[in-house]
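Worksheet: the structure to be examined is printed underneath.
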Amino acid sequence: MTATSRPARPVMLGQNQYGKAENRVVKITRDGDTHHIKDLNVSVALSGDMDDVHYSGSNAHVLPTDTTKNTVFAFAKEYGIESAEQFGIHLARHFVESQPAIRRARIRIEEYAWDRIQTSDSGNRFIGADEVRHSFVRNGQETRTAQVTYDGEDFQVFSGLKDLTVMNSTNSEFWGYVKDRYTTLKEAYDRILATQVAGVWRHNWTGDDQRMPNWERSYAQVKRHMLDAFVETYSLSLQQTLYQMGARVINSRGEVDEIRFSLPNKHHFLVDLEPFGLKNDHEVYYAADRPYGLIEATILRDGAEPQIPVDMTNL
Amino acid sequence: MTATSRPARPVMLGQNQYGKAENRVVKITRDGDTHHIKDLNVSVALSGDMDDVHYSGSNAHVLPTDTTKNTVFAFAKEYGIESAEQFGIHLARHFVESQPAIRRARIRIEEYAWDRIQTSDSGNRFIGADEVRHSFVRNGQETRTAQVTYDGEDFQVFSGLKDLTVMNSTNSEFWGYVKDRYTTLKEAYDRILATQVAGVWRHNWTGDDQRMPNWERSYAQVKRHMLDAFVETYSLSLQQTLYQMGARVINSRGEVDEIRFSLPNKHHFLVDLEPFGLKNDHEVYYAADRPYGLIEATILRDGAEPQIPVDMTNL
Amino acid sequence: MTATSRPARPVMLGQNQYGKAENRVVKITRDGDTHHIKDLNVSVALSGDMDDVHYSGSNAHVLPTDTTKNTVFAFAKEYGIESAEQFGIHLARHFVESQPAIRRARIRIEEYAWDRIQTSDSGNRFIGADEVRHSFVRNGQETRTAQVTYDGEDFQVFSGLKDLTVMNSTNSEFWGYVKDRYTTLKEAYDRILATQVAGVWRHNWTGDDQRMPNWERSYAQVKRHMLDAFVETYSLSLQQTLYQMGARVINSRGEVDEIRFSLPNKHHFLVDLEPFGLKNDHEVYYAADRPYGLIEATILRDGAEPQIPVDMTNL
Amino acid sequence: MTATSRPARPVMLGQNQYGKAENRVVKITRDGDTHHIKDLNVSVALSGDMDDVHYSGSNAHVLPTDTTKNTVFAFAKEYGIESAEQFGIHLARHFVESQPAIRRARIRIEEYAWDRIQTSDSGNRFIGADEVRHSFVRNGQETRTAQVTYDGEDFQVFSGLKDLTVMNSTNSEFWGYVKDRYTTLKEAYDRILATQVAGVWRHNWTGDDQRMPNWERSYAQVKRHMLDAFVETYSLSLQQTLYQMGARVINSRGEVDEIRFSLPNKHHFLVDLEPFGLKNDHEVYYAADRPYGLIEATILRDGAEPQIPVDMTNL
């Protein structure tokens, strides 16, 4: 047995990947005195001809994870960061095309959004309110996500978001469900519906023979349609709301073929105030942490093949 | 020795307090079809004649922490939640005045802000953009905090915020510092200044003989002045920026006598791209997690007595 | 269109599931004066004929997530908790067999281990050291995990662990890797190897026609072999160590056919002390948070089909 | 007004401090083939003549936080890490004595414990079970803490721990408490008592004229007495248990004058199984997250002055 041969044991190496996770890269672009920020957390995962490094520890095919880190930062300079997706496409292509042993690259990105600080008129003696060019406050509504995978032939581009917490304080009911020996839940005809949206959607763009979407605009529009559907759906179940959110996106955005949501039901329980001689007229709620209902589903364009992993939006 | 007497050992009970922490209360107020939300996390800490329960386990003076929880929810109904401070004042007064054994009550509150969801014109077939009456999205910029303490005579009201992340992408320098054997840091003439603001400020209102501040307006104004000073200060040190933020608040808001900040220096290191033949012209930064510089200080109105604990804004 | 028909839009519902997540159930078993604890966090996910609830909001097929929560607690009483796996099997079978609309149940469990508190001889006047019958301290080394899936025909049982942090302070090298334009890493001939093991393994037991493994003993043995391999492998790469850990388990435990690891390389960088006139002879390290190398792979018994999802051990 | 003078505004700088937080230093000591680990997270806070840097941004008195970081790592090499306390004493003394502008140094340390991996006899072909010299597994029971403050004259040394989770599954009652309008809690005559101990204790050692305690032995003994008292106290209230834990330490350890605990009551609620026709005979509990009772107190040697801040063990 040579150092690189497979050991003669009845044990097989299966799917494997490696890379540098959570590279926190911030890019400032200067447009005269006006600055623009891109703030990303980039994770690289590579796979290919990697049997040797597992069997014998030979690193002859291994591009160090440290190098993948350097590449992320260098590419931010060399090619800029137009969008998380475009940046991921660039990186994925680079690793597969420059390293013979690497057959597949997966780039995962979280993007943190920043807003320009709005200063007051009164207090702002030196800088006009519309002139804030290099001062930013982090927008904490949601974290934007992207995953780009490339195997030398096709790209697979997922966009997404997480931690977008939304609430309807009425227009939600829950009744007519199955009752068994263990059912104690009372039917509800006016409840709070609150959830923390985690969603991932797949673009049908797969390579340079197609026109590439405008990733920034696409993200804004998908989020918009998702929120519109959340607001406008009179909900008989969180599943129904989820479906409406996904269907609105598929129907409105031709570049998206598939979307998967993981929606925790952030329970707001009406507090029983009767022992204190008070009537709780849908006013005072207890926001509970655990346990929570968890509703997950994929919505697809008719005929599209599901590709978003079941475990991607939530473990 | 009776059950309630102090044991004959040379061991003394010192400062002690008890209560229910992290009561997550959500109050919906209905103004016709338009709903308003208050979303609080309320922690109660009580102290007073509590020697017996420590020495012998006698609960004769102990109002259960479960009862303090019930009180939070019942008060949300009975008196409403106008602001975190007003709600804390109400609770603190109640415990001290209704329980002979309780001499001091401290209420700590975190408030989570919600914005109305902005729907699009196009997609919004049922509800106009200005008619979103009961759909909200959590505003994640900062968490608002409040602490109210009452001893039967005087109130002490702290307001505050945490997790407000801000950045100036220029207008910050750092040079002229002490150099000793262990100093390797290079002087910087144009650096990113980023921090995650945690601040607590003390109001000079102490009781009903004074006019009570408008807590909501006061909070908005303090935050505004703090951000204005952050934007407008050309920074030679984070300490200087901190001082300017505090001074602006003290000078502008007569109701505030003291403010304390804890400002982590969220380092953004310029990545060395020279090994790759690239020049990093203040463009690509590595956002580091640990370690971080931590700058803390109290700013006071001249003559005011410092009351905000050193350990309150950061451990 | 009736309430239950599929809408006439070109939008399709894909994979979906729902249930109650994170039910924190603690079971005390009293064996005379000696108590035993099982402390679990149980998540239920159900799927089946659920089109209606997504399309129209009809809950006629929906067993409420609240009921699944009640079932977890009731089953802890009715059937006890022998092991996480056995408890999951019981629950999964129940939901599929008792609810016609439910075709597939997936139970995920985290288990928190407790040790009996070891008391001292000297201080322990009332209770002998070996008589501690109902006092426990949480063992924080790792969290044990289990996932059981049942579709009415076959069971799929995954066991696992996470947050098991291990370190070899020598016997690890890294050299001989690919160098490209972006490579700056120096080769290392004696480095610290530290990782936080997340692992999931699949048992080949699929139903009552086979003899069920002793889940508790199996877990202890798998962990043992995993640690033995970590200790004994002279490492030329973290991939090699990973493979040895998996191969040792497959070779030693006949009940396991597949194991997948996600091993973050918890970097310990030698601090450069030369600027201070000190030589760092592999003594002082900086433990870095981010970024980190992330190594993931599946190891299989020859001929076994891979079933553990790529995204299960780490996102 | 010169750059360093105090501005002519009625605003005063109060308590302030600065330094580098969370320096993650790992020290390996090689005793032949046997390695020993110290794994610390060290935070430095300095204060003194720092008006200028706040008022004008002049850094002439400022030792950079980057230098304090370097000092932590260099000292690990130059002087070793015998214990967290000894290391903190060394650092605190250095900053105050070497920098004229620094009047007070506070060093906070978290220490993470590691155990040697116990390998099996059977699987261990190369290394005997008692020969594991450089393989460790992180012991997750608790995090050890230390804080050392030095003002050029006296040292103040706090030791402590956090996240030590303990449970008595019986021998705990709660009754005889105050009942008011908002009390709904039922009296309990056999309940689970579980808490996550955070404790800080002050040593009466203040400087080199006294004999320095053996910090490692002292820590082990304090933890031992604390746990003994937890196990042996038949509890009528968590306050009583807390007092017994503190009193046992004060009575048994002459080097400790003061100890403060923050004990969250980790509620384990008996689940109501009656709706399902089951009797819950103190067997099945729901482990709740929030809200929780929070009990805090200081225990002192008679005559000792309290110095541990109220806000130190818990915010």
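By written order: A, B, C and D. Residues from 1 in each chain.
One rule holds in what follows: a residue touches a chain if its C-beta (ideal position, glycine included) is under 8 Å from a C-beta of that chain, and two chains touch if they have at least 3 such contacts.
For each chain, UniProt lists the protein as follows: A, B, C, D = Uricase.
Predicted model, so just to flag it, every value in this text is computed and none were measured.
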{"item": "Proportion of interface numbers common to subunit B and subunit C (over half same, under half different)", "value": "same"}
{"item": "A-B or B-D, whichever has more C-beta pairs in contact", "value": "B-D"}
{"item": "Chain at maximum distance from subunit D, centres defined as averaged CA atoms", "value": "A"}
{"item": "Chain centre separation (subunit B, subunit C; CA means) in Å", "value": "37"}
{"item": "Rounded Å distance, subunit A centre to subunit B centre (Cα mean)", "value": "30"}
{"item": "Rounded Å distance, subunit B centre to subunit D centre (Cα mean)", "value": "23"}
{"item": "Subunit C: positions in contact with at least two other chains", "value": "24, 70, 74, 182, 184, 275-276, 289-290"}
{"item": "Contact graph of the chains (line, ring, star, complete, other)", "value": "complete"}
{"item": "Residues of subunit A defined as touching subunit B within the complex", "value": "24-30, 35, 37, 39, 70, 73-74, 76-78, 114, 117-120, 123-127, 132, 134-142, 163-171, 192, 224-225, 227-232, 248, 252, 268, 271, 273, 275-276, 278, 280, 282-289"}
{"item": "Touch list for subunit A against partner subunit D, complex", "value": "181-182, 184, 275-277, 289-290"}
{"item": "Residue ranges of subunit D in contact with subunit B within the complex", "value": "7, 9-24, 43, 45, 50, 53-67, 69-71, 74, 98-99, 101, 174-180, 182-185, 235-237, 239-240, 242-243, 246-247, 250-251, 258, 260, 264-265, 290-304, 306, 309-312, 315"}
